[in-house]
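Next come two complexes, and both contain chain A; in the first it sits with chain B, in the second with chain C.
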Partner chain A sequence: MTPLQRAWGAYVRLTARWPAIASIIPFVPLIVLWWAVVELGVFPRVFLPGPADVARSFADLVYKGILPEYLQDSVVRLGVGAFWGIALGIPLGILIGISQRAHTVLWPLLLFFQAIGDIAWLPILVIWFGYGLVTMTFVIVYTVIFPVVLNTVLGVRSIPIAMHRAALSLGASRARILWEVVLPGALPNIVTGLRNGLGYGWRALIAAEIIVGTSGIGFLMFDARRAGSVVEILLGMIILGILWYIVDSWILAPIERATGQRWGLVTR
Partner chain B sequence: MRFRHRLFAALAFIAPFAVLFVLWAVLIPYFDVNPRLFPHLTAVIQAAVEGIQDGSLIGHIGASLVRVLVGTALALLAAIPLGIAMGVSPVVSSFLTPLFRFFSVLAGIAWIPIATLWFGYGFGAITFVIFNAVFFIVTYNTLLGVSTIPLQVRNAAASLGAGRWSMLTEVLLPGALPNIVTGIRTGLGFAWRGLIAAEMIATNAGLGYMLFVARDFYRTEVIVLGMIVIGVLWLLLDRLVLAPLERATIVRWGMVQPA
Partner chain C sequence: MKSLTIRNLSKTYFDPYAGKHVTAVHDVSLQVDEGEFVSIVGPSGCGKTTILNMIAGFIPVTGGEILVGGRPVKGPGPDRGVVFQSFALFPWRTVLDNVAFGPKMRGIARAERERIAYEYLALAKLTEAAGRYPNELSGSMQQRVGVVRALANEPDVLLMDEPFASVDAQTRMTLQEELTRIWQEKRPTVIFITHDVGEAVFLANRVVVLSKGRLLEEIGVDLPRPRSWDVLNENDAFKAHTGRVLQLVRSA
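Let's look at the complex of A and B:
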């Protein structure tokens, strides 16, 4: 066994015990590489500042209280948007999934409006609502709602018809079928849709903040771009990445796994 | 018979849009909506005719499509070989997976500020944004695709005397292809959005630019026209190119069962 193999073995054992480490360690060589490239002066420092500069700017912005406030703004916007996206999307998806008539009428429209894409709405939204929370919320709701609706429809339609009939012949009312057959059966797909939707919604938020924002992480980056400060842009990108990584792999993915297993109507 | 069935399906798809257009044509004049808030249907049609006649609409569409094409082609050329090379070794792929997940999260829009700083406003910055949107997602999916090929299949090929080249072209590439194509479809979705956003900020041609300039003059008919064009273009790209490609790879390179 070479020392390299032994080190790898130790790493594997370590990550088996604390899986979170496996998603942190790979960044160490990258940061070292980044540091080395900066120190060797391959690019001018103005264009590519080092890790230490970014860390210093992080501490500075936290100390001034700008960063926590912007972060809160972004997360609240995403939360409000996601809430309305879910609140509107799931009922709409169930309606389209259950009723053939609603499907015929609404499905083509859904596909088309999804294709327009959130960002293309920004100019006209600014005319309608001005620069502010309504515009942002609209964009995020618009982004979140389509994956949720499309996946809910998919989930509702994938429930075997035998389930409906079994529940009906056992004397279930329509409301109970909805609550105990349709909703649980579609839940794994709904969660998948939510995960996709939030992924798109997150990016839409950044775009909205860059283009029409007055606060938030996207605005931080764009403001830094105006001032020509690469440090803060890099900081913004890193925060975005980390935040979404946490939300996605520590909150959404476990929910997705849990619903997939627990409401065992769907076999994988 | 089959033809009539398809014709009927197409009509059923178009009918809701026809209703929407009629509502638009009737309701907006009826309620006397200010054209600065929402345009009349006739104004949008007029804007489309003018745009086609003086060539500006075609120019914007062309500029946007060329950018997507160049950025995507460059990204695919780099991403697929890299993804396969990393996916072959389970050690390398399991180590690098978090890195590529991290960067695929940043895909597209988050790169706009730094891209414009590094490359200035123009073609370079936008191509860079599209490249990033496609590159990381496709590399990640290729990596995933190669590393999920069952080891028996690779061992079987090796014990039947497959060389490195035939291993690559007959096992690894076909096995990863469904994932690669899914990655391309997702990546292009992000790239398209990133393109529109980048064009709003960083250039003087393209559909995003057309929308954003129209906003300055409250020309809602141009904005709505642009939105319709963006929607139709993406729908065509997704339905006529990407979705058939995805279906074909999943069925034809039958290593993965169709879902």
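Let's look at the complex of A and C:
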């Protein structure tokens, strides 16, 4: 065994004991590199501040109460948008998945509106609803709903016909099959749709905040650009990454472990 | 348990690739008595699975009729339990919940349906696996679950579509012996589809040979029960029956 293999083995054992370490250590070389580039003075400091500057800016904005407020605004917007996107998307996807008629009527519409990207709606939304929560919620719902619908349809359609037949010949009514077979059978795909949808939704939110926002992480970054504060732009970018990491590992990954992976429908 | 009557059953369907109508089943009549075990055997494409799918109500008949206990079949229903070649267990339900599924659909309360499920799981020596998910079990164990799931719903007729085709040869013999034991205990009316001649004779009271959608011949099998491969492998009557059926299938 080479020293490298031994070190890797030790790392695997360490992360098995403290899983949180596994999510931090990969960033260490990146931060060290960043720090080194800044210290070597490759770029002027105003263009590329160091990790310590960003950390100081973080503490400062938290102390002033700006960051917690903006963070809350962004997360609430994403939450409201995601809720409606899911609440509308899953039933719509199931309808299109089980009904050939619904598929015939709705599929062309779906493809048409999918092509008009979320941001392309902003000009008209601002005229209709102004610069507020309605506009941003619309954009996020719009972004979340397509991946959720398309993946739900895929999930419903990929349930083997034998599964429907088994349920029918065990006495299940069509309505019971919806709950007992269609929904759980499509769930792994629905979760994939959610993952994509929330990912796109998160990006759409930041874009919307940059364009029409008066608060939020996207607005923080745009406002910082106006003030020429690269340090706050970098802080905003880092927060975006960390927030998504949290959403993924605290919400999406546990759902996947408890459903598709547990049932053997998705490989780990 | 009830009897099954098939009268002048036919099935034609349109084959879009060939561009013409194809007759899969042609004028098949069959009477299966209450508590009888009938194997339907024939080469691939002889229409045996099509017949089973029509009995189960999964596909409509083109001509003729199917009666279970004197009542005509209209669509799938819990009076005809089905065991699938692909097992078709619900991956999102534990073994216990899979077996309790039929009783649950009948509106039986949780405690009672779990009691029923445990009773049937014990029948197939699956009690230990009750809390596990299907994907955690071997193929043969999954199909044991498939069999008791269908039985636990107490169907009038049990339809089995090449249930042991995807199990290795040794395990298949064990499953066949188990099935004859369970059949003797519960005496369900069974239609068993297979292309394995030895399996067909080993299990059944009667073997029906099918060829190109037509019923070729019926052969009564009056071998002693309980049946085991150790005994029947040496049995001349068993050899004579399998020889005869094999001859028919190969000439088909």
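To be clear about the criterion, the second predicted complex is superposed on the first by the 250 of 268 C-alpha atoms of A that agree within 3 Å, B and C clash if a C-alpha of one lies under 4 Å from a C-alpha of the other, contacts with A are read in each partner's own complex, and residues count from 1 in each chain.
We adopt the following convention: a residue touches a chain if its C-beta (ideal position, glycine included) is under 8 Å from a C-beta of that chain, and two chains touch if they have at least 3 such contacts.
Not measured: the values here are computed from a predicted model.
K.L.:
Which partner, once the models are overlaid, touches more of chain A's residues, chain C or chain B?
P.N.:
B
K.L.:
Using the touch definition from the top, say if A:V32 reaches chain B (first), chain C (second), both or neither.
P.N.:
So A:V32 meets neither chain B nor chain C here.
K.L.:
In the superposed arrangement, which partner chain does A:R165 touch: chain B (first), chain C (second), both, or neither?
P.N.:
Touch partner of A:R165: chain C, not chain B.
K.L.:
In the superposed arrangement, which partner chain does A:A253 touch: chain B (first), chain C (second), both, or neither?
P.N.:
Neither partner.
K.L.:
Where does A:R176 make contact in the superposed view: on chain B (first), on chain C (second), on both, or on neither?
P.N.:
Touch partner of A:R176: chain C, not chain B.
K.L.:
Go through the superposed model and pick first if A:L240 touches only chain B, second if only chain C, both, or neither.
P.N.:
first
K.L.:
By the touch definition at the top of the document, which applies to A:V62: first (chain B), second (chain C), both, or neither?
P.N.:
Neither partner.
K.L.:
State whether A:A10 touches chain B only (first), chain C only (second), both chains, or neither.
P.N.:
A:A10 sits against neither chain B nor chain C.
K.L.:
For the complex, give me every residue of chain A touching chain C.
P.N.:
For chain A paired with chain C, touching residues are 160, 162-163, 165-173, 176, 180-181, 184-185, 187, 259, 262-265.
K.L.:
Can you name the residues of chain C that touch chain A in the complex?
P.N.:
Contact set of chain C toward chain A: 56-58, 75-78, 80-82, 84, 86, 88-92, 101-102, 105-106, 133-136, 149-150, 153.
K.L.:
Taking the touch rule as given, give the residues of chain B at its contact with chain A in the complex, in rising order.
P.N.:
12-17, 20, 36-37, 91, 94-99, 101-103, 105-114, 116-118, 190, 192-193, 196-197, 200-201, 207-208, 211-212, 214-215, 218, 220, 223-224, 226-228, 230-232, 234-235, 238
K.L.:
Please output the residues of chain A touching chain B within their complex, sorted ascending.
P.N.:
Residues of chain A touching chain B: 8, 22-27, 30, 47, 104-106, 108-109, 111-113, 115-124, 126-128, 199-200, 203-204, 206-207, 210-211, 221-222, 224-225, 228, 230, 233-234, 236-237, 240-242, 244-245, 248-249.
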